[in-house]
Amino acid sequence: MRFVDEYRDADKARALAARIAALCEPGRTYKFMEVCGGHTHTIYKHGLEDHLPPAVTLVHGPGCPVCVIPMGRVDDAISIAERPGVIMTSFGDMMRVPGGRGTFLDAMARGADIRMVYSPLDALKIARENPDKKVVFLAIGFETTAPSTAMTVLRAKSEGIANFSVFCNHVTIIPAIKAILDSPDLRLDGFIGPGHVSTVIGCRPYAFIARDYGKPLVVAGFEPLDVLQSVYQNLVQLAEGRVAVENQYARVVPWDGNPKALAVINEVMEPRPHFEWRGLGFISDSALRVREAYAAFDAERIFQIPGGRVADPQACQCGEVLKGVLKPWECKVFGTACTPETPIGTCMVSSEGACAAYYNFGRFSRDRVKEATRT
Amino acid sequence: MRFVDEYRDADKARALAARIAALCEPGRTYKFMEVCGGHTHTIYKHGLEDHLPPAVTLVHGPGCPVCVIPMGRVDDAISIAERPGVIMTSFGDMMRVPGGRGTFLDAMARGADIRMVYSPLDALKIARENPDKKVVFLAIGFETTAPSTAMTVLRAKSEGIANFSVFCNHVTIIPAIKAILDSPDLRLDGFIGPGHVSTVIGCRPYAFIARDYGKPLVVAGFEPLDVLQSVYQNLVQLAEGRVAVENQYARVVPWDGNPKALAVINEVMEPRPHFEWRGLGFISDSALRVREAYAAFDAERIFQIPGGRVADPQACQCGEVLKGVLKPWECKVFGTACTPETPIGTCMVSSEGACAAYYNFGRFSRDRVKEATRT
Amino acid sequence: MEILSDRPDLAKVDVSGVRRAINIGLLEGEDLAPGDWILIHVGFALSKIDEAEAKSALDFLESIGQAYEDEIAALRESMIEQG
Amino acid sequence: MEILSDRPDLAKVDVSGVRRAINIGLLEGEDLAPGDWILIHVGFALSKIDEAEAKSALDFLESIGQAYEDEIAALRESMIEQG
Amino acid sequence: MTTEEQVLERIERARRRKARVREELVTLAHGAGGKATRTLIEAVFLEAFRNPLLEPLADGAVAGGLAFTTDSYVVTPLFFPGGDIGDLAVNGTVNDLAMCGARPSYLSAAFILEEGFPIADLRRITATMAAAARAAGVDIVTGDTKVVQRGKADGCYITTAGVGTVAPEVRLSASACEPGDAVIVSGPIGEHGVTVMLARGELDIEADLVSDTAPLNGLTAALLDACDAGQVRCLRDATRGGVATVLNEMAEASGTAMILDEDAIPVRPAVRGACELLGIDPLYVACEGRMVAVVGGRSAGAAMEALRGHPLGAGAAVIGRVGEDPPGLVLLRTAFGGTRIVDVLVGDPLPRIC
Amino acid sequence: MTTEEQVLERIERARRRKARVREELVTLAHGAGGKATRTLIEAVFLEAFRNPLLEPLADGAVAGGLAFTTDSYVVTPLFFPGGDIGDLAVNGTVNDLAMCGARPSYLSAAFILEEGFPIADLRRITATMAAAARAAGVDIVTGDTKVVQRGKADGCYITTAGVGTVAPEVRLSASACEPGDAVIVSGPIGEHGVTVMLARGELDIEADLVSDTAPLNGLTAALLDACDAGQVRCLRDATRGGVATVLNEMAEASGTAMILDEDAIPVRPAVRGACELLGIDPLYVACEGRMVAVVGGRSAGAAMEALRGHPLGAGAAVIGRVGEDPPGLVLLRTAFGGTRIVDVLVGDPLPRIC
């Protein structure tokens, strides 16, 4: 498969790994955060850490869109889904995310009509086909998915589809990175920048990271060689004593992003003053809501939602994991009370969640697995 | 079971049969019509004819409420049932009655929501429990069931149940008997009068049969001894050279009927100028419709019904059977093209229909069966 | 038959241990009491059974039955005499 | 990728024989033509792939790979020399 | 003019014609156990799958000393007085094996669950199944679970299959019935069907009735033991379609007449009362723990003794005999002293009773 | 501070705990074939029915030279490229018997039909079933038909059960896998599952794919013939849950590690493309005509030769080997040169693919 297989080549990986090892100063350790959950998934799915020297550690950031949704919003979504005549539509990842009153799957079992879609356009299609129902799309994700949601709202408006609305939970990446950088207990040497988000926002918004915080950031693609190369580029910068924003993923990410996509977002949505992030608490200007002009498509305005805040479970340490302070396995309930089957925190749900990725793909000590698979 | 077992006693039947045989003038044959389908059912279910001498023949009249519904009305009912949001309710007997577009069962298979009920009150209950649906009760039957329908409409009104209506197909017995008496090809010696209908209308309305047509009529109950006794009473009248209306079923039928029931019918319903009877054609003043004052409960007014007349199938000889001109087995399609499984005429559907009763219970020649069951 | 106190138009009837609530609105004015027998049609009581009439009808049937048995007995006797 | 004539905002994309209609409204202004590769996310094309950039990135990886193989070869030789 | 006899002959020819489904869509009548069901099975399933073991359309297939059977259970309500879908599913398949003359060995159980079905109800059902299996002396050794979306099932459907062993000397068949045989039912009829109908609550009728669901393998073993070899001609559990349907199948397969005596047919008063009220005939009402046995006249006494000696056969009764004419029909001598035919059911759609 | 090793030990203890259903209601996840399904089966069904034959929770039960199995089929859509619910229902049960090492003899077929289902579709399905049965050399010898009201099913559900005979020397078991054995798949994986997902039309994705549904009894017979006695350790058809689930069950039952080589796993490009597009892993996608075979190292060559020589095994591949450590896990050496665990699926609810 083009643009896939060539970035999964084991020989090239070994060559790059040798370079990476060579770049590490003896006695020094390096911690890089991959901000994006897609990268976390890539790292575990392909066993990327097997190519890293012990001195390099990857830290999983807050970039899994599912993982940052607070429990209160899940409950709100369920409360909308349980109204008579509502069809809630959602990406499959959300199905097992626990709110205070169980998951979407539980709500479905109780009678709610919730359907999995692969695109907001599928939700719009369902609305078109069910004129007597109110079809709500549960919008989640960073700037990657926000333009799709916005485009879908525009299309609903232009087609005059009155029974479609969006429950908007879009978040923005920069405030989250800033919150991470500002957290006192963190030690990072650089960032692997989110590839898909950057397709939309471009590379310029990251400038403050190098300028104000003195950390390198390399925007990376999602194949394992992309990620490995971005580690390499981070190390090169450090070795050369400079910090900058670099674009490893230039084949896809334009330096200035996608202006049309940004315009579409801006047309339909506006920043929220505050939004709660799971584990991270309230972050200012970190999320988007539907603008007044599109109120007719805003589920938050159409339905009276409880809007309650639900405290994260006592045992949950997702916040620390999302900030990269704890490794997944260091959470007290990891793998015992909290498993992909019975997640306590959201990081255990999506395959982009750090805990789930670690549990599903890498739960065993790397050495033992390496030993076992030696041919 | 009281009022049941004592009227099914074989010894008493044999005694009565001996009296009946003794009353027959040698060389003369007797034909009595049981007007009511309930009697037809009793006759075949209990093998009553085995107690009758060959000189006495029972002729099955037009008193099966299902059998007289014309195909057009079945189609009308289906057309109502197929409207979105309608629940049609009906006695089970109607389920297999063929209209021009198949039966209720076929309509259900195509998607119509049709439910079997045992009482119009069950239909009202369904309306109460499904406020977002329009619940229609398919009302059929003679004066026996008309008061129940009327009472149910009154109850719906007093409870303010706005989603309930009646598709009224009630018919009246007297015009039907008159039509039979006026048909030129008929030879009858007397009538077994309908027991349940008479509970409501009493015995006076039959006076014209004795007075104007010179035939005896004995109102009879529904246990086999009741019917046998009414044959006896007919024969006694003939033997004594008199004709009168007699009431064999006095334990249940008051001579003046049930004035409350008549009042209730009259409150809610009024005679129709014409109504089509299956096989018999249009008969004046032979059916009931909902009065203007109860228009809100009249499905005929609420729904636009096609109201088309559907010609009976070419092969169908139900009219002749209903008039007692033909015995069921004399119909050309009896038991071959027309069976209870695939009825062409309605007489083959209900267990009160002459053809169905004959096919199900008595299809084989009586002598052969008698021979076989001799102990 | 038992009359339900909370709904004067409903009565609970019992046929061989089978119970159903029946609308007795059509028997308004009749003097109904527990123990009465009624004729039921599609969930409505249509008529109260007249025990006296029932008895006289059965008496008639019995009498025929009796007469018949007498006759049969007579017939048998005559046959025996003949045989 | 093929652009559907009847819906200018839709294109049919093909990945290894798997075809899906994709909304290309977010690439308005880009010069799209059949044969182009695009990045797809939740049914929308987000970006057109820049073949030149792709090639240069791969060239870099190749070069490292080549250098690595040279080194490995050199290492082997030196080991043989040592051994 | 055609005579009645000529008409009857014409009818017989029509009845012998190959079954043909006239409907374009499946209707509830196709599941009611009467003529429509039979037609669907013959015209679609038998037509497609035809083979000698399937052909008799018996309770199960018997070959090489092995009996094999299956049934799906879709009863509503799932729980009813005297049982639930669980023991129905076990007893029903145990009984179909028993009716083949087999000793049931193993059962399978496949569940189709509707999203939203209470786990507690599932536990209750599986507990009943386990108890029923224990009572019948069989193990549930294999199974399957599927979950379908809400609105694609009705809580829980169970399909069981069963295998059992048949002794070489046992050869039961509907076609083996002979004139002179006794027709026996193992107890009062119709209790299961009436109980389930009333349990649905739609009829607003109450009665002190419980389902007769029970495993009959003990009873059939006792019966087969007690009778001379070959004297037990045929066994059938009188499920969907009731005793009347079973007897019609036997009459047709053997070309005999089944001649019943209404007075001899055991029906409990509450069943009779409910049937009178609803206008149905107990002969067509399903049992789930009663069987019809046709036994050679010579062993009829021994058979009755064996049945009456077993708790599940205490109410057994000889309800008639096999005659010669008219072939293929079931006749009833009524309590009233008359006679009638008891034909195959062409009933109105029944509630889902099994 | 706890070390990673201590955490891992704690996790292992948690995993060994008795399965417990936490939900109060059945959810779609209980039918998806992953962990929730397994938990439901262990905590409810096995708990209620427990007996030595059921305990292994294998494809079927084997006792006394006889294999017995059942499955319900609720696939939607009923018709899809390469097959329909009919051949699925026949092949699925034939395959479960074959995976027991049995020669399939007889099938049963129980239908639950929704009121309104087209008779023409039923004829089409029964014709496919008949053809599939012929292809597999089995007879459908007994069956059942139920009709449920509209809205109480989804057109047509079929439950088949099967019996077959097992040669005395054949003893297959998931617990028999040993370090050094070869792990084989009989052909490219995931075609059935992807085909059905796409056939639902909801994803608006097209691909030139057909279901792999096929009867594997010929293939297993060839395999068993070719290998030394006892060398075929275990066979499993990779249905719901796919190859990954089957291998996890084997690893757990035998206390071994299954070590796979990603590069060696045959996946057709269209399957891979669709999986990339949908974000799913082909290792978890259902096949209906592919099996996983674990064969002793000594017979691996003969096994591959036998498989490749059969039309249904032409694409067979050795995809890995059985190792010792870590016990109970499936490991994958990725094409990228890394390693990862292939755990039991805890997926999102899948469409009904079987």
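To keep things simple, chains are lettered A, B, C, D, E and F as they appear, and every chain counts its residues starting from 1.
Throughout what follows, contacts are C-beta pairs under 8 Å (C-beta built on N, C-alpha and C of every residue); 3 or more make two chains touch, one makes a residue touch a chain.
Each chain and its UniProt protein: A, B = Hydrogenase formation protein HypD; C, D = HypC/HybG/HupF family hydrogenase formation chaperone; E, F = Hydrogenase expression/formation protein HypE.
Bear in mind that the values here come from a model prediction, so they are computed numbers and not experimental data.
Trainee: Tell me, which chains sit next to both chain D and chain E?
Mentor: Touching chain D as well as chain E, we find A, F.
Trainee: Please report how far chain E has to rotate so that its Cα atoms sit on those of chain F, a copy of the same sequence, as a value between 0 and 180° in steps of 5.
Mentor: An angle of 180 degrees brings one copy onto the other.
Trainee: Farthest chain from chain F, going by mean C-alpha coordinates, please.
Mentor: Relative to chain F, the chain whose C-alpha centre sits farthest away is C.
Trainee: Which chain pair shows the largest tally of C-beta contacts?
Mentor: E-F
Trainee: Counting only C-alpha atoms to place each centre, which chain is farthest from chain B?
Mentor: Here the answer is chain D, farthest from chain B.
Trainee: Rounded to a whole Å, what is the gap between the Cα centroids of chain C and chain D?
Mentor: Computed value for the inter-centroid distance: 92 Å.
Trainee: Between chain A and chain B, tell me the centre distance in angstrom, where each centre is the average of that chain's C-alpha atoms.
Mentor: From the centre of chain A to the centre of chain B is 73 Å.
Trainee: So what's the Cα centroid distance for chain A and chain C, whole Å?
Mentor: Centres of chain A and chain C (C-alpha means) sit 80 Å apart.
Trainee: Could you state the distance in Å from the CA-based centre of chain A to that of chain E?
Mentor: For chain A versus chain E, the centre distance works out to 60 Å.
Trainee: Multi-chain contacts only, two chains or more: what residues does chain C have there?
Mentor: In chain C, residues 15-16 touch at least two other chains, as defined above.
Trainee: Residues of chain B that touch two or more other chains: which are they?
Mentor: Counting only residues that touch two or more other chains, chain B contributes 1, 9, 11, 14, 108-110, 118, 122, 225.
Trainee: I need the residues of chain F touching at least two other chains; which ones are they?
Mentor: Within chain F, the residues that touch at least two other chains are 23, 25-28, 115-116, 203-204, 269, 272-273, 276.
Trainee: Identify every two-chain combination in which the chains touch.
Mentor: A-D, A-E, A-F, B-C, B-E, B-F, C-E, D-F, E-F
Trainee: List the residues on chain D that touch chain F in their complex, please.
Mentor: 15-21, 40
Trainee: Mind listing the chain B positions that touch chain F in their complex?
Mentor: 108-111, 113
Trainee: Show me the residue ranges of chain B that touch chain E in the complex, using the header's touch definition.
Mentor: By the definition above, chain B touches chain E via 1, 4, 8-11, 13-14, 44-51, 92-93, 95-96, 105-106, 108-110, 116-118, 122, 224-225, 329-330, 334-337, 339-342, 351, 359-366, 368-373, 375.
Trainee: For chain C, which residues count as touching chain B in their complex?
Mentor: Residue list for chain C touching chain B: 15-16, 23, 25-29, 37, 39, 41-44, 46-47, 49-51, 53-54, 56-58, 60-62, 64-65, 67-69, 71.
Trainee: Using the touch definition up top, name the residues of chain E that touch chain A in the complex.
Mentor: 115-116, 150
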